[in-house]
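By letter and in written order, the chains are A, B, C and D; residue numbering begins at 1 in each of them.
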Amino acid sequence: MVVALKKNVSEEKRAQLIDWLGGMGIKVHVSEGEFTTVLGLIGDTTKVDKDLIESLDIVDSVTRVSEAFKCCNRKFHPEDTIIDVKGVKIGGGNFCMIAGPCSVETEEQIVAVAKAVKASGANMLRGGAFKPRTSPYDFQGLHARGLELLKIAREETGLPIVTEIMSTNDLPLFEDVDVLQVGARNMQNFEMLKELGKTDKPILLKRGLANTLKELLMSAEYIMASGNEKVMLCERGIRTYSDYTRNTMDISAIPMLHELSHLPVIADPSHATGMARLVPPMAMAATAAGADGLIIEVHNDPMHALCDGAQSLRPEEFDALSKKITAVREASLG
Amino acid sequence: MVVALKKNVSEEKRAQLIDWLGGMGIKVHVSEGEFTTVLGLIGDTTKVDKDLIESLDIVDSVTRVSEAFKCCNRKFHPEDTIIDVKGVKIGGGNFCMIAGPCSVETEEQIVAVAKAVKASGANMLRGGAFKPRTSPYDFQGLHARGLELLKIAREETGLPIVTEIMSTNDLPLFEDVDVLQVGARNMQNFEMLKELGKTDKPILLKRGLANTLKELLMSAEYIMASGNEKVMLCERGIRTYSDYTRNTMDISAIPMLHELSHLPVIADPSHATGMARLVPPMAMAATAAGADGLIIEVHNDPMHALCDGAQSLRPEEFDALSKKITAVREASLG
Amino acid sequence: MVVALKKNVSEEKRAQLIDWLGGMGIKVHVSEGEFTTVLGLIGDTTKVDKDLIESLDIVDSVTRVSEAFKCCNRKFHPEDTIIDVKGVKIGGGNFCMIAGPCSVETEEQIVAVAKAVKASGANMLRGGAFKPRTSPYDFQGLHARGLELLKIAREETGLPIVTEIMSTNDLPLFEDVDVLQVGARNMQNFEMLKELGKTDKPILLKRGLANTLKELLMSAEYIMASGNEKVMLCERGIRTYSDYTRNTMDISAIPMLHELSHLPVIADPSHATGMARLVPPMAMAATAAGADGLIIEVHNDPMHALCDGAQSLRPEEFDALSKKITAVREASLG
Amino acid sequence: MVVALKKNVSEEKRAQLIDWLGGMGIKVHVSEGEFTTVLGLIGDTTKVDKDLIESLDIVDSVTRVSEAFKCCNRKFHPEDTIIDVKGVKIGGGNFCMIAGPCSVETEEQIVAVAKAVKASGANMLRGGAFKPRTSPYDFQGLHARGLELLKIAREETGLPIVTEIMSTNDLPLFEDVDVLQVGARNMQNFEMLKELGKTDKPILLKRGLANTLKELLMSAEYIMASGNEKVMLCERGIRTYSDYTRNTMDISAIPMLHELSHLPVIADPSHATGMARLVPPMAMAATAAGADGLIIEVHNDPMHALCDGAQSLRPEEFDALSKKITAVREASLG
């Protein structure tokens, strides 16, 4: 940690600050420049409150040099993490395509969609059984029954299943689920993250509504520090003042997360845009920017979908997109 | 719900849409203008997916006329809600002052702060025992021990206690707590909101990092629809591109929430700004704008606080502020 | 325009509103539903103040049905606009690559970069002579001398030149420039837009720091309504709370603008990210999402660039990228 | 400027960086810590590109210690600036109240409003003659005629006049205007700022739509560095994802700007909220937070206002508010 002092700070005030830091076991290396004095803090500075020091009237600025995240940091783990979900590999040059309806509705629906997306190249099936809805009056999902239907679809197609968990009280129900999704609204539900860190399930961690990349990585860190290293990061759009799309998809998060972390990065163009007709261009954009996979909503009858029909592709649209994705990926790798 | 169609929509496509709506039990009243055709949807439109209709290529715009929130809506409940916490009244012209340290640290600390803030006019005590921290490596609170210390401070001063709950698994520990706080990061942890709706505890619901007023009200609605009507809304700053403060305190949320809802509105200038020296002006601003109360961090030794010391007032600063708050409130009521 | 009234509005208040609208020459078509009354406003509603009506206490919501933009609206002009700059075509299936340094510095520099980017496939040359800088103490460009150097580079390579104009007082100096760029900070400098609308120069209009797509289109409308229809829209990143990139590049703006307007859409990954190593993935993403062209900063010696060196590619990096762009574009078109 | 290097940087790479800095006349003071090496840059670092250094692969972080703004910086000018507009003092403990219609419409209107607001305590008159409108089809103001009407109102009441200038080509028309307003959309129209810096008119500089405080101060710096030190800063709301108000009024900007700068800070609750009924609470909030003055829209007939009627107070509402403002200001000063 590097602390730059303001001009003309008295010797006494400076000594007080150094004493106080000493009391926390921090050694201070003073570097006096022509215009500024800079303190280099040496020792375990993770306990030092940056905001507090910044708020002192003798301090000009504080910079934390060492990274707050460790387990997910590429600096300490340069190789890409590869996660294996029943033989489907994610990360490290492998590309995965997760597709399926927003909500599981009936056996016919989920099985039909599963077969269709598999035929078009998907290698995992998504489908919501527990749905986070802004309103308590909206459809909340089929719950346990929905999970059963997903397993039937897996049985029929062999596709591993990905579905959202909203409370760790439900963990027993998810025992036979392949990938647990943490939704955007729970990205900083730290108690849940700690609990999921004690399982050995792969976790698809969605970026929160307005969270920074550092916060996303710190949430991954919560899971990993509790013992579970199988985390996939997911960009799904952030909140801005955008007037035509539901969210603004932050495509640059994909290469930036790859630089900061060794974890796989998945992109969700369906939630990021909220409009089916924007899904193909944004899916291709995310692929061109280096995503390790996509998660895309597909419904056989979007007009009658119980949830988020507006952003679902029809199976034939997904099929056309899937082919383009393969071509764009090859072109972007050069 | 009002649906405006695009120009030159064919009779056939329009009929298809009306048929489809009819299949959901919705009657449609067609109003043809010179340039546009407007469909008025009559019946229970809460099930109709606004986004889906908006995404149809024949539709220009969709407006939902009836409100999505009911229990917390002032339209259906014009009188201010007054919440009684062991004799302290909140809302309906009563002003409450909640003060205390960010984290409970020791018995000496919490009792000393409690006595000090009571002497300065506070009528409730805040203090964190379970702390949501961005990093898993930061101090997470004293947990059960912290709750015990809060109760000792209550015993010594008579001040009801307000403290954050992070998982409903901890509910048994909170049985003797007076007000349960839901933190910003859990504002859309819907499973938790439903569980809290089944208790009879007053809930202090903080606005999420980047949530709209409608979303805040919908989260209150989750609690109320489950049976607990004792909800206080809390503005604590929203995330923007601000360069000098941690968040941007949205003071206009205070009068706007009063217009939309009958629930009390509390303001938290400590978290909204992150800097002790901005707390007094922002506390006065929130009061002048009509807040029903304030929640302010006070610590007897901010330099050694285990958490958020930078934003804590010293007891003497709180005392001076408290007097001004009373005067500003009187002046603003005219 | 469609006005939905609140419940239980008195006949008298409703009549007052209708009278007042009548006074502005607006006819009102009343449609009474079970729960709501909806007024359809017929006539020239462009003069009606939507915000004012929305603020009336009897009004629930107001929706403007007809579009505020006309000249740039695809509804009224379904064919793509193709702009011809000395034989280089932009829009309508043509792809343009604009490259060059942030600032023009010396004849050697600009000629060398121009030759290099031409060899790598660029078909226009960019370079700043008038630089908008946040600080008055930063390098502001070579002004008239910079324009002369650009013309020399054009002479040497045949590439048309694109450069920013910051004041219409400078228009005489720009007489022989091929494309005038309006920077993000001047996107709503309406007086300048009107003046540029009176010229016959192609305009590259950059989206403002935090402007919506509608505002960008309205600014294009200012230019077009004054008589100049040769406008290219440019996405260059918007301001958010992003922690690692200068701006957040809104890739979804590209397909959305294509849907709303017939004007060409150019993407600027250099300013959108501020980091050279993010330019290649974001350039490919923008291309995959359907951009009609790219504008990319290239400098032969980024370490010594007078401005924005951090975001400039070296010529060899640009060359490698250019090849990938062509491949990605082909793949995305399918 | 302080540069922290990454771990394990080779001697050679470090030497290269120091050499390169030396070539710009910068001396480097190396401070080697246990984990990090910190370089202190000594000399004129205003020419050093922070972004470029930050982008180097051996660099961890860069902190600029010295401030980029000088003329408007309280560090170098601790006393409050007091601006005198024909005897009305602004700043330094003086409170000014600027009121009037959004647009000047007729002589009757502007004179009537001027007399009314003067009677209620306003000491300056506002009124737009040149109006920046998002759409080219909206009313753009009476231009020269509007300025004449303002002068008539000044003649009748003695109130100095404040009005917006949109192009420096119009400067001759504004010769007899008392305060020139720079609108939010022109806050970074740097050529205009430089021209205004050559006049001796007091400038009311509005914060841009999504600009930071530092950017606002840098724009003030443009004016001051050109020779005109009479600048008032104005907070008028920033763009967020707010769902009920036009903008989010950043009240904390008021005390923060006072800390950073000696310039007066004015608040504009009318544009910040866009709704007349939010103006009184927000005007009181801004006052309680320490604003040096308010600028408020007042219209004698908001329903027929040609522009922004929704946010205008009626004279009797302004009168009631004015009294409360005085009381809140006294209470907040304690």
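One rule holds in what follows: a contact is a pair of C-beta atoms (placed from the backbone, for glycine too) under 8 Å apart; a residue touches a chain by one contact, two chains touch by 3 or more.
It should be emphasised that the depicted structure is a prediction, and the values quoted were computed from it without experimental measurement.
Visitor: Could you name all chains that are in contact with chain B and with chain C at the same time?
Guide: A, D
Visitor: With centres defined by CA atoms only, which chain is the most remote from chain B?
Guide: Relative to chain B, the chain whose C-alpha centre sits farthest away is C.
Visitor: Hey, how far is the Cα centre of chain B from the one of chain D, in Å?
Guide: The answer is 31 Å.
Visitor: Report, in whole Å, the distance between the mean C-alpha point of chain C and the mean C-alpha point of chain D.
Guide: 26
Visitor: Got the chain C residues that touch at least 2 other chains?
Guide: Those would be 210, 239-241, 277.
Visitor: Taking touching chains as linked, do they make an open path (line), a single closed cycle (ring), a hub with spokes (star), an all-linked set (complete), or other?
Guide: Shape = complete; every chain linked to every other.
Visitor: Spell out the residues on chain C that touch chain B in their complex, using ranges where they run on.
Guide: Listed in rising order, the residues are 2, 4, 7, 29, 31, 33-36, 38, 40, 42-43, 60-61, 63, 65-66, 75, 239-241.
Visitor: In the complex of these two chains, what residues of chain D are touching chain C?
Guide: 20, 46, 49, 51-52, 54-55, 68-69, 132-138, 166-169, 185-186, 188-192, 194, 208-211, 215, 218, 221-222, 225-226, 239, 246, 274-277, 302-303, 305, 307-311
Visitor: Which positions of chain C touch chain A when the two form their complex?
Guide: It is residues 210, 212-214, 238, 240-245, 248-252, 254-256, 259-260, 272-273, 277-278, 281-282, 284-290, 320, 323-324, 327-328, 330-332, 334 of chain C that touch chain A.
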